[in-house]
Structure formats: structure tokens, C-alpha cells
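The first chain written gets the first letter, and so on, giving A, B and C; residue counts start at 1 in each chain.
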Amino acid sequence: MDARAFPGLDRLSTASGLLALGALGALPIFFPGKYLTGVLTVAAIYGLWAVSWDFMSGLTGRENFGHSLFIGVGAYAAGFMNVKLGFGPWWSLPSAMLVAMAFGLVLGIPTLRLKGPYFALAMLSAAVIMQRLMLIFWEETGGEEGIQDITPLIKDHLHYYWFVLALLGASTVSLAALARSRWGLILRAIRGDEATCLAAGLPITRYKIVSLMISAAFAGLGGALYAHYQLQVSPQLFAVVTSITIITMVYVGGIGTIYGAAGGALLLTIMTEGLRQVGEWRLMAYSVMLILIIFFLPSGIIAPSWQRLRKSLGGTDRGLVGGGPAG
Amino acid sequence: MIYGAVTSAIYALLAVGFTLIFGVARVLNLAHGSFYALGAYGTYLLASVAGWPLWIAATVAVASVAVFGVAVERIIIRPLRHSQLGVLMITLAVSLIVEQALFLSFGSEYRNVPAFVETKVNLAGVDVGGQRLLAFVLAFLAIGLLYAFIQRTRLGSAILAIAQDAEAAKYMGIPSDRIFSLVMAISAALAALAGVLAGPFLSVQPSMHLLPIVKAFAIVVVGGLGSIAGSIAAAFMLGYAETVVAYLVNGSWTEIVSVLATLLMLIVRPAGIFGKRAAF
Amino acid sequence: MSAPILEVSDLDKRFGGLHAVKRFKLSVAPAEIVGILGPNGAGKTTIFNLLSGFIAPDQGQVLFRGTSLIGLRPDRIVGLGLARTFQLCRPIIGLTVLENVLVGSLGPRVIAKNLADRALALLDQVGLTNKANSPAELLSYGDLRRLEIARALATAPELLLLDEPFAGLGAAEIDALSTLIRSLHSQQNLTILLIEHKLREFMQLVSRVVAIDFGEIIAEGPPSTIVNDPRVIEAYIGRQTPVPTHA
């Protein structure tokens, strides 16, 4: 009987993760061109946003409908630091993470005491309002146009892609490791029954808030990376569509598994790029997909497939963490 | 002052529908804003594009949205009733699909929904657009009718019963599923009516569904989820607060009012002012 | 006489018009097993909720080893050494039995090199070893009770509050649980405060009974005295519930 309290990451997972990363990194070498590299970069950034969402919402079941807020503030922080305050581009990354974490703290304190659906709605409202605020203070934030002329972090597209991919890998690994440590157990317990957690001596509020801050930090990081890729930020970043897209990616990947979120993001971004011909229907596609997934495949596609693959390769069944929307 | 009343009345229409479906079915319907948008766009389509008489266009639009609401309830919401978060996500997805569909069909420019009444009326020394006045009156009528319906008719009692205790209502033979559909139809119709009435003077573009939902949520939180009276009261509070802010500070700040109110309420008194889910 | 481990005085709580707990007072010495007896609605679980921090009292004082528990959050109180079980078992859904116990092992009072081993030992103690990797929500009622106790024990408490541990159990399970509680008490010198309805098991376990009705204390003393106390009898028979003392 497995007597280890906290499973942690195992070798098969880590090895295959590295393999996948390597493959992804090698793709543009075989199919060179700015277009593919660009798509993959965006896919990797979405991956970062997705794993950050999954860590908090996938494990605790507190689904955050306003994740775009952390993305947006991270991106705007990057824009501000770089363009308005004149700092070098590398300062953006830590600033974005700090600013996003601050928002996570400030928003988390009043909202995390709410039950699931109300937390989701409160965060949604916050994101909508944040978008509005960017427009209201147009003098400082550039309004509809946002902040332009951000300097790129790494000029070479391929190198930037590898940098982003490496960050995605590192983030996925660290968040997955955290999810399989005592922290992850606590978050899953919070999902199961909060009163019992209290009776077991866990300071659940603290854990919820810190997890939200961690989630926010990585989302903000992605936001900054996006800012230095697009070289501009606009209020569109706060759109609800972004949050829904990310949630769809996580569900496709398998909610609660962390690596599934990364896989879902990569898969969906690449897939929908292929649908570019269909043009404006793309955004609708995500919403439709979310509905279909929730009805027919609530455990997702990627994680269950990977679990089955593991078993056939002789690995132990790690089981799925989470699965389906929380009640 | 008058503007505040008009805005409040529109908010009240939206909030009452939102809180109604929640009180009865415990459903937080994020597609509620879409009903609002579809009411406005439907009227625009039938009246301006197809050239129908305005009254008919409006009535057909409201009725169609009611039917759409029932369809959403039956097909999408009902299977997920056990999971409030699932319903939330699904209805949000639906609202985005509607938004995209509207965007693809009509483009993103603002559309002009024709007004019923073009003339201005002078009320206590203030010039008020006739349409706004009409909106106010009709909104009040609609809510009044709803109130009478719920208090006086058997169907209304059934609705109250389900809101109090869904299980018990089932044991008593009340066909809750059909009532849910009915309540959804009413809720959607109210929202669509708000869209029709407010269309002429509030902005009509594909993403118009989002702010109403945020405000409806704010109102319902402040007034108390499931409390119709609370929603009406809170709607007026919010409407007037926004008018004051717009007058004193700046029009764009009005949205902040609702979110601040929500957050403060959630921190201080999550049950809302009239909370504890008193239906009436 | 050593200092009491728990000192409750003047505990009072109203819910709107209902005066649920009236000036409740209690003093528990270390390693005692004290029982709170009372018909349904007497306020017993409310008292537990007040003691464990889930509800705040309107007035009164609760001193646990000299520290006031008033205003402390439930998890802090557990960290001080007071653990409770729930009358309606609350397993943490989505976690295995072992993980449920592990969750209780993460507090500041636990000093163990291997948490998993310690958790397994606890499961062994309550007799759930072979269910360690089962999902918690699949357990039978009796097993859920054991899990509740195991999880409470995992927090390394000095005082254990058991809320109707025998409710809903069959005769054999009651006996087994009774034996378990007694062994926990003697082996670990655990102080136990117990709410129960089923008088027979109760009588054999506790050294002292506090009988309450309508939120206030009506009698206090050793089991043999309480059974014959007229107010206690009236509280039960007045409600058409005979006091079942002998099988």
C-alpha cells in the first residue's frame, strides 16, 4: 500500500513533461517561420494562464470567472513600467507578478469567504469594472488604445518563444508539484468540506487567499509576457471572453490536473489557429466548446487520455484530481 | 431626479427577473443580460429593418425572448441544476455566444432602437424625454402586474411555495418543472421589456449584456437574493446613487458605484438588506 | 485537585427569539469523561459549537487550560488542543480515508517524522486500516463515525468533544465504539466531553453527567444519581421519551 502522504511528482510524469517541452521547442526548427513561432508563443502564454487558473480554481473548486483581471493588471503593469516609467523590459516580469498578487490579496479577502457561485460572480464583476476603469482613466492608461510601443524582451522571435516555453514548463512543474504536496491536499480538502477543515485545524481562509495570490502571480506573469509579445496592451485584455477561453482550455485538459491545463491551452490555441479561415466565429467556438465539454466530457480530454496511456505504459494509476464543476 | 427614477425602474425590471429565477430555482442566470440585449435588438430588427409597426415589433420581440429563455432553461440549465457553478458557466457561455452572434449579424456599431414616444414632456420644470417617461410607467406597470399575479393567483402561490421549499412543493403535487419554465419565461420577458424600453436611450451594441448583469448582481446582493421587494428597493438606491455620481463627478464613474456597493455589501452583510430570502 | 482543563461559565446564546443556551457552566478536570445529557433541541450541539468556535456566544467565558477561547476561530482552537466531531458525519468528499486523516495531521500540535505512518496508525486504532485508500464518501455510517474520531485524534488533542457518536449505530457497533473510546481515554489520558442520547452506553462510559433541558442545566452528578433525578425524568417522560437505563 502506498504509504507516502503526499505523492509529489514522479519520474514518468517529469520525463514525459520534459519530452513534450522539447518537442514543442523543436517544432519551429522543423517548420521555421514567424507565423508558427508566434502562434506557439501565444499558445504557451495561454498555457501559463490556464495552469495558473487551474491551481486555484481547479483544486479548490472555487471557479474564478474574473481571471482576466490578473492577466490585465499584469500586462498593464508591464506597460506602465516600460513605457510610462521608462524601466527596462526585464523589470516588467517581477512587477507584473507583484501587482497581480496585490490584486489577488485585496480582492481575495472579501470574496473568498463567499460560496462558489458568488465568488465567481464577484470576480467577474471585478474584471468588468477593471476594464471600465482602464477606459475611465484614459489619460493615464491610454483608454481604448491602451499603451503602445512596449519594447520587446527578447528581439529574436524564436528565442523569445523558447523563453516563454521554459517559463511555462517551470511554472507547470512547480504548480503541479505544489498541487501534489500538502498544499494541494489542503486545497482539495477545502473543496470537499470547509467546516471539516476548520474542525481539523486548518486556517482555510489563509490558504484560499494565498492560493489566489499564487494564481494571480502566474497570470500576471503571463500578462507581462503577452505585453512584451504584442508590444501593446489594451482594455480588451480584461474581457470576459479571455476568462471563458481559459476555463474552456482547462476543462478540455482536465480540471485539477495542472498539466492538463497546459495541454488544453496548447491544443486549443493551435487548433483554433487552424480555424482562422472561419474568422470571427472563433470566439464563439470557445463558448460552444465549453458547453459541450461540460455536458459530455466534464473530466476533459487530455488528462484522462494521459492517465490511460500511463497505465498501458505500466505506470501506476495516479487518479484524477478534481473533475467536473463543483456543486 | 427624474432620470434617476427612470434608470432605477429599468434596473428594477432587470433585477426582479434575475432574483425571481434565483428565488424559485436557485439559478444564477448569467444569460439574463442577453435577454435584455435580445429584446433591444429584436425590436430593432423587426421595426427598423423589417419595417413592422413598433408596438408589434416590441411585443413579438419580448415574446420571442421569453420563448428563448424557456428553451435555454429546458435544454441548457435543467440538466445542470445540481451544480450552481455549472449553471453559472453555461449561462455565461450562452451569453457570450449571443454576444458573438449579435456582433456577427449586426456589427459593433451602436444601433438605434426607435422610440415609442418622440416628444418631450415637461415635468415639474424639467424636460423629460417622452420615451423615458413611458419606460418608467411601463416598468412600474409590469412589476405591479407581476406582484398582483404572484399574490393573487393560484399559479403565483405555487411559485411562492416552490421558492420557500422546492422539495415540499413537489410532494404537494406542484409541477415544479413547468413552473420553472414559466418563471424563466417571465424573467426573460421582463429583461427583454427592459431592453425594448431602454433601447432608445441607452446604448445598443453587442456587449450590452454585460453591464446589466453586473448591476443586476449588485442590486440583488444589496437587496437580498430572492427578495423581490429588496431588489426593487435596491434598484432604486442604485439608480439614484448612479445619477448622483454622474451629476457630481463624471458619467463614466457610475459603474463603479454598483461594484463598490456589491463588494461592501458582501463584506458587511452578505444576506443583503432584506436578506434571509423573504420572497415578498 | 489539579486545575480544570476546561472552565465554562455563564455561557449564553440566543437565536432571534430562541434562548438556546442559558447561563451554561461546566468545569472539566483533566482525564475526566463527562457527559452532556438532554433531549432533542436542548441545546447540546449548540454548546459544542460555542466551545469549538463555530458560533460566538452572546456572553460568557470559556477557558481552556487557562486560555480564553472566546472570539477564536475554530482552527485556532484545534491548534490549542480542543477537537470535536460532528453529529452528522462530515467526511471530506473527494479525498480518501487516509487523506481525511492526513488533513487533521497538518496542525501545529503534530510532531511526527512520517505523517503517513502516523495516520495509518490512527486508522488502525479505530479499525479502518483496510479502508485507507477508499474514497471517504463510500464509507458506511459506522465507519464514517470512526473516521470522524480518527480525524479528530489526528490533531493531537487534549480534550475531545464527541457529538452523539453512537447515533444511528447498531448494537455491535456501539459496543465496539464504546470500547474504543474507553481505550483512548485510558491509553492517551484524553479528556472527553460527550453528548449522547442513548443513556445506557453513556452511563457506562462517563464519570459525571450534566443534564440540560431547554438550554439550561437541570441536574449534575454521577450517572446513578442522574437517572433518578426527578427533573431529568420529567424532561424525558414529559416528552413521551422514557429514560432507557436497563436493556
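As a working rule, a residue touches a chain if its C-beta (ideal position, glycine included) is under 8 Å from a C-beta of that chain, and two chains touch if they have at least 3 such contacts.
Since the model is a prediction, treat every value here as computed from it, not as a measurement.
Hopping across touching chains, the smallest step count from chain A to chain C is 1. The central chain here, found by comparing per-chain C-alpha centres with the mean of all protein C-alpha atoms, is A.
Using the average of C-alpha coordinates as each chain's centre, B ends up farthest from chain C.
The geometric centre of chain A is 43 Å away from that of chain C, both derived from CA atoms. Note on chain placement: the centre of chain A and the centre of chain B lie 33 Å apart, centres being C-alpha means. Chain B and chain C have Cα centroids separated by 49 Å.
Against chain C, in their complex, chain A makes its touches with residues 1-5, 182, 185-186, 188-189, 191-193, 195-204, 322. Listing the residues of chain B that touch chain A in their complex gives 28, 30, 76, 79-80, 82-90, 92-94, 96-97, 100-101, 103-104, 210-211, 214, 217-218, 221, 250, 252-253, 255-256, 258-259, 262-263, 266-267, 270. If you check the complex, the residues on chain A that touch chain B are 61, 63, 65, 110-111, 113-114, 116-118, 120-122, 124-126, 128-129, 132-133, 135-136, 240-241, 244, 247, 280-281, 283-284, 286-288, 290-291, 294-295, 324-327. Contact residues of chain C toward chain A in the complex are 52, 54, 73-76, 78-79, 83-86, 90-95, 99, 102-104, 106-109, 114-117, 119-120, 132-133, 136, 151-152, 154-155.
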